[in-house]
Amino acid sequence: MMIEALIAVALIGALVTFVAPNRVAGKLAFAISLVPAALSLWMFTAFDGSGNALLDGDLAFESHLEWIQLGEYSIEWFVGLDGISLPLVVMTTILCSLAILSSWTPIDSRESQFYGLVLFIEANLIGVFSALDFFVWFIFWEAVLIPMYLLIGVWGGPDRKYAAIKFFVYTNVASLVMFGAFIALVFGLGDAVTSFAMPEIADAMVNGGVQSSVFGIDPGTFTALVFIAMFLGFAVKVPVVPFHTWLPDAHVQAPTPASVLLAGVLLKMGTYALLRFNFTMFPEQVETFAVPIAAIAVISVIYGAMLALAQTDLKRIVAYSSVSSMGYVILGLIAYTQFGVGGATFQMVSHGLISGLMFMSVGVIYNVTHTRSVEEMSGLADRMPIAVGILVAGAFGYMGLPLMSGFHGEFTIFFGAFQADFAYAPLFTALAMFGIVIVAGYLLFALQRTVFGPYHLETDYDVGRAPLHDVAPMFVLLALIIALGVAPELIFDMITNAVDPILNGGDL
Amino acid sequence: MVGTGAGPFSYAPAIALFPLAAFVISLVFGRQLPKKGAIPGIFATAASLLFSLWMFATVAGGETYHETLYEWSAGAVTTEVGAEEIAFSFGLLIDPLSALMLVIVSLVAFLVHVFSLGYMNDEGETGLPRYYASLGLFTFSMLAFVYADNLLMAFMFFELVGLCSYLLIGFWFRTKSAPSAAKKAFLVTRFGDYFFLIGVVAIASTFGTVAFAGEESFVVAAETAIEDGTTLFGFDAQTWVTITGLLVLGGVIGKSAQFPLHTWLPDAMEGPTTVSALIHAATMVAAGVYLVARMFGYYALSPTALSIIAFVGGFTALFAATMGVVKDDIKQVLAYSTISQYGYMMLGMGVGGYVAGVFHLMNHAFFKALLFLGSGAVIVLMHHEQDMWKMGGLKDKAPITYYTFLAGALALAGIVPFSGFWSKDEVLFDALIVGLEEPVILAAYAMGLLAVFFTGFYTFRMVFLTFHGEPRTETAEDPHGVGWSIKAPLVVLGLLAALVGFVNLAPIAKVAGMDITFLEYWLDGEYGYVEGLTYHHYHEMVAFEEGYIGSETTTMLLSAGLSLGLALAGAFAAHTLYNVPEPKRHTTKLGGAYTVLRNNYYQDEYQVWLAEGLTLPLARTADLFDRSVIDGAVDGVSGASLFGSSWVKRIQTGLVTNYAALIVAGFIALLLGLGLYGGWF
Amino acid sequence: MAAYQLPQWAALAPALLLALTGLVLFLIDSISPRSTDRTLLAGTAAVGALASLAVAVWFTAAGVGTPTVDGGEGVIEIFDGQFVVDQLALYFMIVVTIVTALIVVASYDYLAGHTYQAEYYSLVVLAATGMATVAAANSLVTIFIALELTSLPSYALVAILKDNRGSVEAGLKYFLIGALSSAIFVYGISLVYGATGVLQLDSIAEVIADGGADGFGGLLGLGILMLLGGIAFKTASVPFHFWAPEAYEGAPAPISAFLSSASKAAGFVIAFRVFNVAFPLGEIGNVIGFDWTVAFVVLAIVTMTVGNFAAATQENVKRMLAYSSIGHAGYALIGLAGLSADGGELVMGAALMHLLVYGFMNTGAFLFVALAEHWGVGRTFEDYNGLSSQAPVACGAMAVFLFSLAGIPPFGGFFSKYFLFTGALQAATANTAMLAVAAALVVNSALSLYYYSRLVKALWIEDPPATRDRLGQPTGLYAAIVVAAVMTIVILPGFGPVAEAATGAAEALVN
Amino acid sequence: MTVAVEYYVLLSMAVFCIGLMGVLTRRNALLFLMSVELMLNAANINLIAFAFYHGNLTGQVFALFTMALAAAEVAVGLGIILVLYRNFRDVDVTVPTTMRW
């Protein structure tokens, strides 16, 4: 019942915070959010699962509960963790606590509602990563939309309404497409499945798959179509070029903590879902579509990086660079080797931490300068050395500096992709790797313009040191990033252990 | 004779960890500490030096060390040569080469720390903790790189030293130029590292190992692959080795500032002079060449790669030397000479002159550190004035600085018997004998030889302009004094620059038939050695023929005399032109050539154009495309549906009779449609 | 089991209780004609509605109508089959009574200082009676009568604000279109009667099965189409939807809620019963040449599209909700379109679930509009700007309703909508035309997302206008809204029983 | 002598269509209402004819119900038309168009 406890604490906490007075809301929410964080850390130490959750592995903290009987299909409350989802859950809980801490300064209106929503998001995110019944999973998946919509819409920047609705509708349409495709698949499987439990479906897919023709389409084509539809559905969430345009708008308008969660966790939902569904249930299609997907990944990396290069708004830069980083993840997944998929999963966590750190740093800068434009500031290091120090560290983490988590993630992805089976894998990898040069280009450019050089600020504010509760979360993240960089096997082992069954068609 | 963890070697990790500790201490407590963190740095480097010497001694005692300390990632792979497993780890490899390099690095680092006391602390400089922390981090990374036992670990610390270089070049971040120079340095080297990383990934996924030494090293794997004629990634083994080798070479060219990625080094002089001495002369820049030496066995398998290395080296040597001739800033001259000198090392390596390359690497580390520190001293004397035309006549005001600097200059110019002569001569000799068989190498040799003249010239131009003649400014009249902390390192290095050459007197050895080529024996495993990493082994592997003019000895004397003569010629030219009370800017006489040299052959221009003239507009176009086309499509969909909506709702006219009509019409439509479908009529 | 001892006719208790309540209200009115004792009137109505709700729930729990094979009491037939009380009937009685109770409670405040209180309540309750009766009616006669019993009070209710031009206009349009449709409906009945010679649904089925209607294919088909027309009017489906936007916009908001939730449900129960019982799929195909599902496929697609597209750019909140309710009628129609000779209880069950959830969320949404009208803040989106800062609870509830209507978790609307989607896809495996329906569903719910969130934006994101005096907190309205909101939320975790009841009812009808 | 049921059906159809035309063309609310009544009566014709044809009384009984309901409908309708007149000073159904689109 641990997972239920996590979710319950967050949900109840959300309600409590929602009715709490604005003054205390922030501190209250932070205190509450520490509980799931602590619990999840304990779960991390007590983790005893092995294998992949979908391919009859031993789950940790598993629990079932009959819920709904829909015709001949049963829907049950079914949650559990394996080596892939546990690190993501831990990352989520930690990131949420830190995000709450980092919003003490910028959020100065309707606090109780704000923090309530953040806790509500946390509950759903935990659910997304731990649910193993399709409907349960989909509820959490969709329920994330409302709070994020409001976070962007209410506390966002000047153009927030457009950004919020764009995010809301765009991602929801994608979910609908994906949902339809998956349900069609379930019916296509016929009597092989009698519930929406993902393990059952995955099992049916891996051993046998769709046998008879559906909608008058022959099984092969049908499965391929489903694969494509689901890939597109998730591609929006990831996001993959060319479905990425909601991301920069959402990021730029969103308040700092929302950006942290958006980049840190929400994007991972997409890649996580890709791994759980497309790359676990469709081994054959993965091989069939390897080259086009790899091409998409490379395009995302390079194109995203190029876009970041063209930006002058710090948040836009980081936003586009997220597109680029997600491209790496896709590349790792499509590599379909232990290092590739494992590295991709590792990169999900790593990028979650690093992008969180970056957005926090940008947020801190914005708090004191009230601008995010590269043109309007310079020499901030002169006034806020510590915050800038962390920003620089984070930037180098983003560039994949060794001994920081980003390097392990990217290197393993590259290594895994280089030896992938599909045609020209080394070439694709080499192309994608050029991203590490461009990323250095735009980040160093931004650093040079903003934090170095003679101190100067266009806006009429004077920069002082950032308060502790702004800097503390960044320190924590930096510590985690370095920890994972020096000792990646902390999570990499359990990840690879959970990844193996995917690659070996079900057996460990 | 590979030793186990027991014995002195079990303390080896400490060599790198001392500076790391210093880094943490200075970073956290730097503000409170006296001297702002210099003390921990000095002690740490001193300790590292002692331990390095201890290791050196132990290796001399015939032991070596190859141990995996910490495995941070492992997993299943499908490699070309069939290995199923791979483990990425941190491990130490202490053989003659790395032991020697450890000593060099820790020694220079120590001296630079001491020098910094005088150079940085006296000026009321802010941000010293940051400075010493970065120095500590750099020393840590560099030492770790030096005794890394596998390619990936090497790459990781290769990157880290890049970071430190970035931080230290940008130390005076409040200026506009320093941050930009730092950015440039990191970007250019990063561009090289991009190829390096591909190389690492390729090698790892080809052979399933990244180890430098031992039976399961990728070098051995490559050898066997070539023997078995395996096909790797669709190429025959030989070609693939060449490709991967060249990919790794990308990193080398970046770090060791070889053409065409040399442009960052002169700009890097924006950093404190001490940094230039440590990082951009003695150690980090050496990392590239050291890497070639470290995996020389791999390059030895591919003549193509070797000759490319040689040619790049030779070309860079000449290319940079010519640019050094026209510089007025003392540090700029040294910067270009550095590039040029590393060209020599590459040349040496490229022609299979493993010993020669390492020899020159060592000598250069000392005399170039000396020269930079000396120039640092001069800059202190001159109240941070770097233009040589504003100096002059410092000879009598600062004798110690002068004579040490002179020693360095003689070594750099390659005048007998100073260290530079011996190593440079050996490099050229190796190049010549191979060149007599390989035309490409001969061209490289020619360029290297020509460069000797320019070296002699710009070196003494620098010396004369700085120290000789009449003082040309008031500051030159009464210079600011320098303390012991500046003088001591100069003296130490001065002695080394003068004497260290005697460890490998190859020519004399040949002539007199004495066994005094100690360095060669050292690298050849006369003392301790690791299987497969010895000079002999390399020498057998290298596929180059060697030819002689007459006998070997005559050839050698010939080349030695040639290079020495050219060096002296250069020095003499400088003497006649600049060793006068009131020197003139003769360089302007070069006319068009002058402007070209002055602008460094427009290397920066085209690289800046690549970045800002090509990439940036491209990015802007992409951005435009993104906002207009892709995002436009998204907004277009919503716009279209809203337009549709505004159209659909118009049916609701508000006239109830219209409703009735529409209902009937709709009903009839349904009726007809279904009637036809059902075949009623 | 208590249901045993009761006489057969007692199975109609929910409807009868409502009728009784109506009479009691008349009584009160006749005793004190001028009485505006809101508490008494609203109270009586509410008690009546809740009582019949309680009875209906009790019956369901006791297993009335559940096939005996499933350990239930079996279907109860009254007046030799003119009425049947089965799971479907009870299910819809529950829906109707819930809505009635909600809007009666809400009206307590809405009608403050309004004449004709007694009439209002008695009309509402009578209409509810009609709806409850419709749920149980099993013959075209009883269906028609019950339908009229539903419609006539509704006409009056829509127009009850006699001095409000909007209300009157709405009443007029509703009435005229209503009259036209009922005429068409009756004519359809007459044709069906002509083709088969009977009016009781199951007898019609028998006649068709025996081939008694062969040769009358065209006649029967036309009749069926005309019945469809009458039903489409009740459910506000295209092309008989034209009355809906005006009626909902003009009518007093609680009545809009009543019509758009309960009345629509009544329409659907007719559709489900008539088409499943009287014209069983397969056999009917032999007579009229095609299965009527084709008609519903077309209607479903057109209805949901017209409804949502017309709603997308509305400026008037009430009108937007009106169009959205047309769109939802389209969703529910999937329940019929997806049926096939060999089952389809999943999709039809989903439609039933949707109607129940809809009873909460849509009623709640209209009641919020009622609240806004009570406050007198205005009717357009702009007028609603920033209400959340002054009435967070009500606005929170409204957000719940809107998101639920959009089908976003964690609200009941999510399940019903996605089950409909699921059902449509399952049906598509048998009948590929359903793919088009599913596609239409995707497009439309995307669009609906846009305009629902537009209202949320107005309430929660926009800043309130400077000049707006503080808003009261009418007990009744708040109570009704909050209850609806809570139900909309808790129905998600508690969806098991709902799904069970719905699929059970559907199963009983389909097979 | 009996008339074949087809003719009754034709008659009722004719009446129905006349009523329909009335609905579509008349702007006066009362005439609108009357047209609807025509349509209802068309239905009644059908019912009675078919009752005769099928030889059962169901149709005739139902016809009675229909008439009663028609009457009720008219009652409500007239009421609404009354308030219509009071508010719009006219019984033209095309006048009230305050709500559209």
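A, B, C and D label the chains in the order they appear, each numbered from 1.
The rule is short, and it goes like this: contacts are C-beta pairs under 8 Å (C-beta built on N, C-alpha and C of every residue); 3 or more make two chains touch, one makes a residue touch a chain.
These are the chains along with the protein names UniProt gives them: A = Proton-translocating NADH-quinone oxidoreductase subunit M; B = Proton-translocating NADH-quinone oxidoreductase subunit L; C = Proton-translocating NADH-quinone oxidoreductase, chain N; D = NADH-quinone oxidoreductase subunit NuoK.
The shown structure was predicted, so the numbers you read here are calculated from the model rather than taken from an experiment.
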Once the contact rule is applied, which chains count as partners of both chain B and chain D?
C
Contact-pair count is greater, between B-C and C-D, for C-D
Per the centroid of Cα atoms for each chain, what is the distance between chain C and chain D, given in Å?
26
Averaging C-alpha coordinates per chain, one finds the centres of chain B and chain C separated by a number of Å equal to 78
Separation of the C-alpha centres, chain A versus chain D, in whole Å, is 64
In whole angstrom, what separates the CA-based centres of chain A and chain C?
42
Where chain A touches two or more other chains at once, by residue number:
169
Multi-partner residues of chain D (each touching 2 or more other chains)
23, 93, 96-99
Residues of chain C that contact two or more other chains, please.
172-173, 176, 180, 184, 245-246, 450
Every pair of chains that touch: which are they?
A-B, A-C, B-C, B-D, C-D
Residue ranges of chain D touching chain C (in the complex, touch as defined):
5, 9, 12, 16, 19, 23, 29, 32-33, 36, 39-40, 42-44, 46-47, 49-51, 53-54, 56, 58-59, 61-62, 65-66, 69, 72-73, 76-77, 79-81, 83-84, 86-88, 93, 96-99
So, in the complex, the side of chain B touching chain C is made of residues 638, 641-642, 644-646, 648-649, 651-652, 654, 656, 659-660, 662-663, 665-667, 670-671, 673-675, 677-681
For the chain A and chain C complex, residues of the former touching the latter
66-71, 135, 138-140, 142-143, 145-146, 149-150, 153-154, 160-161, 164-165, 168-169, 172-173, 176-177, 179-180, 183-184, 187-188, 214-216
Interfacial residue positions of chain C with respect to chain B in the complex
172-173, 176-177, 180-181, 184, 217-218, 221-222, 225, 229, 238-240, 242-243, 245-246, 288-290, 294-295, 298, 305-306, 309-314, 323, 447, 450
Footprint of chain A on chain C - complex, ascending:
345-346, 349, 403, 408-410, 414-415, 418-419, 421-422, 425-426, 428-429, 432, 435, 438, 442, 445-446, 449-450, 453-454, 456-457, 460-461, 492, 495-496, 499-500, 503
